[in-house]
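What follows is chain A paired twice: with chain B in the first complex and chain C in the second.
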Partner chain A sequence: MSEKYFLKENMEKNVSDYDFSAFKKALKMGQNKVIKEIEDSGLKGRGGAGFPTGFKWKLASQQEADLKYFICNGDEGEPGTFKDRLLMEDSPVKVLEGIMIGAFAVGASQGYIYIRGEYAKPIKIFNKIIKEAKKEQVLGENIFGSDFSFEMKLIKGAGAYVCGDETSLINSIEGHRGISRIKPPYPIEKGLFDKPTVVNNVETLSCAAEIINQGSDTYNELGTENSRGTKLVCLSGDINEPGVYEVEFGSMTIREIIQEFGKGIKNNKELKFVIPGGISTSILSNDKIDIPYTYEDIEKAESSLGSGALIVVAKGHDLIDLMLNASRFYMDETCGTCFPCREGNRQVHHMLKKAMGKGIDHNKTELIKDIGKTIRLASRCGLGQSSLNFIGSVIDEYPNELLIGGVDNG
Partner chain B sequence: MVKLEIDGQKIEVEEGTTILEASKKAHIKIPTLCYEENLSIFGGCRLCVVEIEGEDNLKPSCATMVQEGMVVQTHSPTVREVRKNLFELIIASHDIDCNLNCLTCSRSQNCDLREIAADIGVTEIRVPPLDKGYDVDESSFSIVREPNKCITCGRCIRKCEEIQGVGIFTTANRGPSTIVTTFEDKGIGNVECTNCGQCILACPTGALHEVYHYENVWDALHDKDKHVVVQTAPATRVAIAEPFGAEPGTVATGQMVAALRRLGFDKVFDTNFTADLTIMEEGTELIERINNEGTLPLFTSCSPGWIKFIEHQYPEYLDHVSSCKSPQQMFGAVAKSYYAEQHNIDKDDLVVVSIMPCTAKKFEAVRDEMKEDVDYSLTTRELSRMIKQAGIDIMNLEDEDYDQLLGVSSGAADIFGSSGGVMEAALRTAYEIITGTELDNIDFNNVRGLEGLKEGSVVINDMEIKVAVANGLGNARILLEKMKNGEEYHFIEFMACPGGCIGGGGQPLPASNEILEKRMEAIYDIDKNKKLRKSHENPMIKKIYEEYLGEPGGHKSHELLHTHYKERGI
Partner chain C sequence: MNSDKFLDRAHDIQDTYGYIPEGEIDKMAKEFDVPRAKVYGSIRFYSMFYTEPTGKYIIRVCDSLSCHINDSKSIVDSIKNYLGIDDGETTENKKFTLEVVECLGHCGEGPVMMVNDEMYTHVSKNMALDIIKDCT
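This part shows the complex of A and B:
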């Protein structure tokens, strides 16, 4: 089995070498047809939540407003995720094209690409791309002789994970604290500077560009009914060949991805579990990974594909240490606005820290799970809601190991 | 209208109503911490979450609008479990340990957290308290902040910014180090805080309270060499009964006087007396400014929170502010001169205490311009503490009268306690002095009420006098901006606190709109039931001018009763 190139096709780095055929096609099709095409493709957002992109665009296009914004989310803060980086570094022009197509479809005249502050190279590249695009009049007034005009700016993130959340990201662009906003109103109705705003992930927009380019029919041939097309999978952890691999949905099981692309577990160890969608998702133990890589199959296994970060964990790790690591991340990254997330993650971290090397008894794991339930049900944004998925699932899966110190002998 | 079902009850409410409001209408109480009726929605504490049919997650009822056909459960098993867990987390972040510091907390009598704990039915706290290790902010003369008790609900931030238009608090950092603090952590005393104490009223925990001076007062009372006199501000008498379980709006003037005597004060006087005196002085100043083309509009100067606000924010308007000291300070000045002389009391042995609805009065009392006048300024809350400490059953005391002569006052002085009252009192006097005729109707209803901005006009001798009233500093700002845009007035009353002094930052808690309304009604009732209702008719006021002060606005008055202000940066 090999990678299925859909996104990884047509990788281009210079504006002047690129013909923007998809965007030109979109201009010819007109807004409604573009939206229809994306809807037909069944494309789901790749930022983690999996919201249907065509539907989002349709809602946004129906908003009446003198000004709309289009934002490309390149914050990529979820640990284990690095596929947007690949796209921004290796095919930035297609990302730009995706943004332009989306902006055209929804009627946005101003755009932003928000790139994670640590991503020095993509930032440099996009600075250059935007400059070039302006010079080549790919951005600006009446692009390619159409009546579509579009300006774009790059925003450097300040390194907070929560700023990947679209409402926090909008606050951050406006110069406020990076904290989530209460929804509704959704950004589509009232987003950046209170104007209708679409936020889409880098990979989503690259897909959109390629879908317009190749047509939704071609795209529909790939994947399954509910998981169309391909997905960039970020393979990391205890494997021999970590990297970003393009996988056609449903064509391989998780184990196959690990074996074929990751070339098996490091040091010939045994696989213990995988985290299928980044550390805000629940683990799948070794016996549960012979399932096709699709949104629906992973959901059936009570986890989520998230942003596409597939983290492989071999036997021999100190589970409490792993949990503590995840917990520290969430404790430090909560924006501090809502009580369950701020206080819950802080308490869980304290408990795990105390348990290091000693094990953690049933009362404490129950308490952690109670806190987990509270955070999941009552937190204000996705960060909190998913912050204890990983820890909770480890507790469910390995209660006895945790009791004796969290280290198995594998 | 929207039809929905809450806890099995079918109800109909207006579109745009939140689930929280709708539940209130259905007589269901949902616990809240970060919510406050007058502030924007924060959605942080999550205690108010409810279960909505068809939704995976619980939703905050304060921030979720009702929808047609919605089926809501406000106290389902899941909701109750989540609230309980959540409350454990909140408590752990609130600096409670086994030192029983609940008992020493400023809110030991009326703690929101304890009330909510009882409502939720919290039975155990499984998570250990966290020591956040922050320093107490003691930089202010009026307000203390204990960050370790702070649960970061943001109510103080929103109150100060949205209602007061000052905005000295902010959230800093993220994650576990998220804190509420002042600009660059400078401390409340080193930023543009006006000392109004509205943030204290907003705080659901004991993280904010006034700087306590009641221990100093106890010391003075126990010191045999000291002659200790006390004055009580107009708004205290309609609120002092609340901490003792009485209905808001209960008037307890005579019982408060009796309690103060039992506490050991040598004389119990009334700030109302100097409120009448203020009217004489400020009225004269207004008439002079009108007659001599002086700077107009004249701004009132009784509210020290307002004074500090204008000193920071609008120094260019300082020459509009009346030079009159506030009634508290006038009282101190008169007590330490006239009263001391008459009774042969050595000024050094005379201690003047004031009971104020206000925290800014503490700062006012130590201002360089007049720090000799008043020795200790206590809040209404502090007085209630002293009464409790002394075991005085205030609500069962017989009414007693204030001492002569600094205890006699008109109804015009009583209404100083309410927004619009100073204006009304001044108009009653100015009208009659200028025209020499008696007013037919002395009630100026258009300046009364809880509304933040009120305007009106009175014709005095063919001249139309345009007046305005602002309460709450946010409204003061709106009015000043209106002036900047060319709006003209003759006389404006400014009060720092919403509702005026009845809603002062030193008043008993809680202080909901409903309670303020009742206090306000009570104040106007006192006025209505008095025979003497105009400051210039107060016989003791006449007497003090005759015996001591000379003319309103005269030399002696200026020496004792007037002051000046200074520009403070932002």
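This part shows the complex of A and C:
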């Protein structure tokens, strides 16, 4: 098996060397046809939530407003995820083209790309790209002689995972604390500065550009009915050849991705489990990974494809230590607005810290699961709702190992 | 000033002084026409902004899951040991601040660390100390 290049086609780093053929095509097609094309492609948001992109654009295009905003979300922070960084570093012009196509489709005249503050290199690259694009009149008034005018700014984040949530990101651009907003109203009605706003992930927009370029028919030939096209999979953890691999949905199982692209488990160890979509998703143990890599198959296995971060964990790790690590992440990164998320994650961290080296009994693990349920029900953003997926699934899968101290002897 | 310039402005101040001094918070409050408490509240939300002086070099070592699996803890421990400071602390000579941070987005190249804007991948204990010794 080799990688299926769809997104990794036409990677270009300079504005002046790029012909913007997909964007020019979009201008000719007109707004409605572009939206229809993206809807027909079945493209789902690649940031983690999987919301249908074409539908989002359609709703935004129907909004009546004097000003609309289009935001590219480059605040990639889910542990295990590094594919947006690859696109912003190696294929920034296509990301820009995706933003322009999206903005044109929904009728937005102002755009932002929000890149996390730690991504020094992508920030440097995009500053240059925007400057070049203005100089080459790819951004500005009446682009390529059309009626479409579009300006764009880069916002450098400042270290807050929760800003990957679209309403938190909007608050952050406005100079507020990056806390989520109550929905509805959704950003497509009332987002940035209370104007209709679309927020799309970097990979999603790169996909959109390539779908317009190659056509939704070509795209639809790839993947399965519910998981069309390809996905950038970020392989990391106990793996020989970690990296970002482009996988056609449904063409390989999770185990095949690990074996063929990742070249197996490091130090000839045995695989214990994988985290299929970043640490906000539930684990799949070794006996559950012979399933095709698709949204639907991973959901059937009671987890989620998430952002495409496939973290591979071999036998021999202290499970309580791994859970403690994940719990610290959510304790540090919760924005603190919703009480169950703020206090719940802190309490879970406390309990796990106490259990280090000693093991954790059934009453405590039940309490952790109960807290997880509460957070899921009572938090208003995805960070909270998914914060105990990983920990809860380890508890469900390995109750006996946790009892004796969380270290297996495999 | 339009509030979409807020983060940019705060970054500039942080880069100039190594932290955001009170006087600058007053200035920002005037520029953006918001109460000082609001400026302070926003700044304190973000981990890359500081309201106390930091070292000339801010060392950020990732300890999120993928790096953790690849033994980032040993990198953290050896830096702590060498500099004699704990997570979040600054050396007495104001040269180094150590931060154990969450995912830096180089999960396939772990363990990783950053010194100011520079990213280092596949870091070993010796390499980490060499990087620090090279900071002048």
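Before moving on, here are some points about what is shown:
Just so we're on the same page, the second predicted complex is superposed on the first by the 410 of 410 C-alpha atoms of A that agree within 3 Å, B and C clash if a C-alpha of one lies under 4 Å from a C-alpha of the other, contacts with A are read in each partner's own complex, and residues count from 1 in each chain.
As a convention for this text, a residue touches a chain if its C-beta (ideal position, glycine included) is under 8 Å from a C-beta of that chain, and two chains touch if they have at least 3 such contacts.
As the structure is a prediction and not an experimental result, all values here were calculated from the model.
Here chain B and chain C are compared by how many residues of chain A each touches, and C touches more. In the superposition on chain A, contact of A:172 is made with chain C only, not with chain B. Within the superposed three-chain model, A:116 lies in touch with chain C and out of touch with chain B [touch as defined at top].
In the superposed model, A:238 makes contact with chain C only, not with chain B. Contact with both chain B and chain C is seen for A:333 once the two complexes are overlaid on the shared chain.
Of the two partner chains, chain B is the only one touched by A:373; chain C is not.
Of the two partner chains, chain C is the only one touched by A:317; chain B is not.
In the superposition on chain A, A:347 makes contact with chain B only, while chain C stays out of contact range.
In the superposition on chain A, the residues of chain A touched by chain B in one structure and by chain C in the other are 160, 177-178, 332-333, 335. The touching residues of chain B, when paired with chain A in their complex, are 33, 41-47, 49, 57-58, 60, 63, 65, 78, 81-82, 85-86, 89-90, 92-93, 126-128, 130, 151-152, 171, 173-178. Per the touch definition, chain A reaches chain B in the complex via residues 160, 162, 177-178, 182, 184, 331-340, 342-347, 349-350, 367, 370-371, 373-374, 376-380, 385. Looking at the complex, you find that chain C touches chain A at residues 3-8, 10-11, 32, 41-42, 45-49, 60, 63-66, 68-70, 101-110, 114, 117-119. Only residues 76-82, 84-85, 112, 116-121, 153, 155-161, 172-179, 234-238, 242-244, 275, 279, 309, 311, 313, 317, 322, 325-326, 329, 332-333, 335 of chain A touch chain C when the two sit together in their complex.
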